[in-house]
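Next come two complexes, and both contain chain A; in the first it sits with chain B, in the second with chain C.
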Partner chain A sequence: MAETMRTQDLRVFFGDTEAVKGVDLEIPAAAVTSIIGPSGCGKSALIRALNRMHDGVPGVRVSGRIYLGNREIHDEGLDPVLLRTRVGMVFQRPNPFPTMSIRQNITFAPRRHGLVQKGEESSLVEMVLRRTGLWDEVKDRLDHPAIALSSGQQQRICIARALAVRPQILLMDEPTAALDPTATHRIEALLYELKRDVTIVIVTHNMQQAARVSDRTAFLDDGCLVEYEETDRLFTNPARERTEAYITGRFG
Partner chain B sequence: MSRPAMITRPGRRLLRERAVIILCTTALLVACLPLGWLLIEVFRLGIRHLSLDFFAAGTALPGLSGWGSALAGSAMVVGIAAVLGIPVGVGTGLYVTEFGSGLLGRVARVVCEALAGLPSIVAGMAAYGLIMTTTGRFSLLAGGAALAVILAPMVAMTTMAALQAVPRELREAASALGLGEATTVLRIVLPAAWPHVVTGTLIAFGRVAGETAPLLVTVLAVGGGLPRPGATVPTHVYAHATTSAPSWEGEAWAGALILVTAVFVLHAAAMSIWSRRGRVLPVRADRFPTGG
Partner chain C sequence: MNLPGGSRHFQEEFSALRHQLLEMGAMAEELLRFAVEALMEGNVEKADSVILADRELDAMEVEVDEAGIHLLALHQPFARDLRVITMILRIANDLERVGDHAVNIAETVHHLGSAPSLLTRVPQLEEMARISREMLTQALDSFVRGDSVVAREVCRRDDRVDSLHESGFRSLLKHMADDPQLVGRAMSLILVGRNLERVADLATNVAEDVVYMVEGRSIKHGAGRREP
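Our next item is the complex of A and B:
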C-alpha cells in the first residue's frame, strides 16, 4: 500500500559540495509528487537519498532525517537493501537485465526476496504487465530477451519490474528523458493509474510533464526547496518570484 | 580572418588529409605485409607435410613421439592450464573489480598487471620450481601449470575489463530492487560480462597454446638424454626446427601450420561469440546521470 515520505533538513554532500541544502519535504501517499528545477539543482541527489542509493558511493554523504511512514530510514535496525523493496526506483535510461527474458526480469527480485511462490509467478508477471499496459504487447514473447523491446517498452518493463516487489513508494528519476513523445505519453498515462496504490515521486526537467502528471510539485534551485505546492497552484500562481522566473522560462 | 581563407583555399586541408591517409596506409602495409608473407610461407611449406600419416606415424626425429601425440599433449597442457587458470583468473578479476576497493584489491590489480607481462620463460621456471623439483620429472602437468601462470593474469585482466564495461545503471537497477551485492555481481553483472570474458579467454588460449619457452623447461628437456615424458606441438616444432636435416625442418613447418590454424580457429570462435553475444551490453552513451 502507498505510504508517505518526509524529509527533515536533508543534506547531500558530494565531497565538499553541498548538493542538497537542508530540504524539508512532505510527500503525500497515493499521489504523484514531482520535483522540478534546472540542471544541477540537486533533484537527482535528493531523490536518490530517499532509497539510500548514495550508500557506499565514495565521497557522498547524506545528513538529516528521512521518514518512510513513521520509520526513519537510517535507523540502525533497518536494512538498506530491504528498504529498496519498499522504496523502488526507475531510472532515466531503461535498464532491463540484458541476459534475462521479460519474465525473468520481473520475477528475479521477488523470487530472491521470497515474495512469490513458484506457482504464482505467472500471475505476478501478468498482473504487473497489465498494470504497465504491456501485457497485450508482450504476452506472446515473455521468454524473449527484454532488451529486444523498444526503449519505451523497456522502460515500462523496468516499471513493471519495480512494481513486482510491491513497493510503497516508487521513485522515478527522469523516467522519460530518453524516450520519444509517444512512449513518454504512455508512461505519463500510466502514472495516473499507478498512484492509487503506490506513492510516486518523479524528478523531471520537463515542466509540462510535471504539470500534466503530478498532484504536488516541488521546485528546487541550487539545492534549496524554493516552493512546494499543489501543482495547479505552483504553475498558475507561484508564490515566489524565483519559481515564476523558472516556470515562465526566464532561467534554467 | 582565417575563415574566408579556408573557404577559398581548401587545397591545404585536402593535402593534409591525403598525407595522413597515405601515412596510415603505409603503416598498415608495413605491419601486415611481413605477417601475410609469413602466413603464406607457413601454409605453403607446412601443407606439403600434412597428411593422416603425419599424425599417426612417429616422427623422423629419434627419441620423440609422433605429431598426433604432440597434438594430444598440447590439448592436455592447455586443458590443465584452463582448469587451473580460468577459475583463478575469473575469481581474481571479480574480487578486484567488485569487492577489492581496499589494499588487497589494489595490490592484486598491480600484481595481475605485472604478471600479465611476465616473460613466459619465468612462468616455466616457476612451474619447474614448484612442481618438478617435487615430482622430479618433466611432465604435462608441470607444463599445464606453467601455462596456467601465464593464462590466469590474462583472464583476470580480461574479466576486470569486462566487468568494468558493464554499465553502472545495471548495478543500480539491481540495487534499487533490493538485491544484495553478491547476487548482483553473480547473477546480473557477471552474466552480462560473460561474452566479453569468454572472448578474452579464447584469445588468451590462443596465446598459451603456442607458448614454447615455458614448455621447454617443463614438458621437454632439450638436449641431454630426452627423458620425454610428454610432447606438445610447440616443443615439437622447436625440436624439429633446431635440427639440421631438411625433412625434419619440413615437419617443423607442418607443426607451425597446425599451431597457426589452432590460433586462427580460437580467434574466429572468439569473434563469433563476440558478434553474437557481445551486444547484450547496452550501449552507454553517458556514464553519469544528468540533471538534478
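Our next item is the complex of A and C:
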C-alpha cells in the first residue's frame, strides 16, 4: 500500500558543503511528486536520503527527520535494508543484475527477504512483469539474461524488480534520462498506472516530464525548497519569482 | 535541458507573435472606427472598404494561430510565457470577431441609405460606439503594458454599454410603434446596437484575458472581477 513521507529540517552535508539546507517536504501517498531544479541543487542528495542511501558513505552526513508514515526512518529498530524494501529506488541508468536472468532479477530480493514462497515465484514474476507492461515482450525468454534486453526494457525490469518486494514508496532518480522517447513514454505511462498503489517520487531534469507525470512538484534551488505546489499551478502560475525564472528558462 | 524563455530563438518568435497580435488589434480598431464613421456619415464607399478589409483581418488571425501553435509545440513554454501565448490565441479570435461586427455595422449602411436622420434621435448608439471603441483601445493598451488594473477597468465599463443598449433598444421600439414607416430603418439600428454591444463584450473578453495573463487567475463570468 502507498504511504506518505515527510521530511523535517532535512540537511545533507558532503564534507563541509551543505547540499540540502533544511528541507521540509510532505509527500502525499498514492501520487507522483516530482523534484526539479538546476544541476547541483541537491535533488539527488535529497531523494537518496529518503531511503538512507547516504548511510556509510564517507564524508556524507544527514541530519533532520524523515518519516515513512508515522515512523522515523532512522529509528534504531529499523534495519536500513528492510527500509529499502519499503522505499525502493530506480536509477538513471538501467542496472539489472548483469549475471542474472530476467526471472532471477525479479525473484532475488523477495527470496532473500523471505517475502515469497518457492511455489509462488512464477506468479510473482508474471504479476510484476504484467504491471510493468513487459510480460508479453519477455514471457518466452524469462531465463535469458536481463542485460540482453533493450535499455527501455531493462529499465522496466528494474522497476519490476523494485515492485517485487511490494514497496510503499518508489524513488526514481532521472529514470528516463538514458532512454529514447518511446521508452520514456512507456515509463511515464507506467507511473500513471503504478501511483494508485505506490507513492512515487521522481527527480527529473526534464520540466516537461515533471509537468506530464506528477501531481505535485517541488522546485529546489541551492539546497533550499523554493516552491512546492500542485504541478498544474506551479507550471501555469508559480508563486515565486525564482520558480518563474527557472521554468521559463530565464535563470541566473 | 529545454529552456524556452532563455533561448534567443524563442524570444524572437515570441516577440514577433506579440507584434502580430498588436497589428491585428490596430486593424480591428480601424475597422470599427471606419464602420461607425460610415454609419454616421451614411457613406457607402467607406462601408464597403470595411467589408473588404475584414478579409485581411481574417488572414491575420490565421497567421497568429499558426505562429502561436508553433511556439507551443516546439518550445513548450511554461508559466507567464504559456499564459501570454494562450491568451494571444484567444485575443486574436476576439479581434477577428470585432472585425465581423464592424462588417455587420457597415452592411447596415446600405439599408439605411444616406438619410440617417433616425440615428440622431437615438444618441445612445453614438455613445455606445464611443465607449466600445475606447474599451477596445484600453484593453489592447492593457495587453501591451501588462496592466491588469486598466484591464479590470475595461471590464467595469461593460455595464454602461449594456444599459445604453437596453435604453437604445427601447427607444427604437418606440419609434417603430409611433411611425410604422420607420420599422425597416429602426430594425437596422437595433442590429447596429446589438453589434456594438457585442464589441464591448469582446473588449471585455480581451481585458479578462489580460488579467489572466498578468495575474494567473481567471475573472471570467464575474469571478473576482471587483478585486484590486
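Here, the second predicted complex is superposed on the first by the 251 of 252 C-alpha atoms of A that agree within 3 Å, B and C clash if a C-alpha of one lies under 4 Å from a C-alpha of the other, contacts with A are read in each partner's own complex, and residues count from 1 in each chain.
By definition in this document, contacts are C-beta pairs under 8 Å (C-beta built on N, C-alpha and C of every residue); 3 or more make two chains touch, one makes a residue touch a chain.
Not measured: the values here are computed from a predicted model.
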item: Partner chain(s) touched by A:Leu225 [first = chain B, second = chain C, both, neither]; value: neither
item: Touching partner for A:Thr236 - first (chain B), second (chain C), both, neither; value: second
item: Chain B versus chain C as contact partner of A:Ser44, first or second or both or neither; value: first
item: Chain A residues touched - chain C or chain B, whichever exceeds; value: B
item: Touched partner set for A:Met53, first chain B, second chain C, both or neither; value: first
item: Contacts of A:Thr248 with chain B and chain C, given as first, second, both or neither; value: second
item: First (chain B), second (chain C), both or neither touched by A:His205; value: both
item: Touched partner set for A:Ile66, first chain B, second chain C, both or neither; value: neither
item: Contacts of A:Leu149 with chain B and chain C, given as first, second, both or neither; value: neither
item: Chain B and chain C footprints on chain A, overlapping residues; value: 205
item: Of all residues in chain C, those that touch chain A in their complex; value: 1-7, 10, 76-83, 216-217
item: Contact set on chain B toward chain A in their complex; value: 101, 167, 169-170, 172-180, 183, 187-188, 191-192, 194, 280-282, 289-292
item: Sites on chain A touched by chain C in the complex; value: 205-208, 211, 235-238, 243-244, 247-251
item: In the complex with chain B, residue positions of chain A that touch it; value: 35, 37, 39-47, 51, 53, 58, 81-85, 88-93, 95-99, 108-109, 112-113, 145, 147, 158, 161-162, 165, 173-174, 177, 203, 205
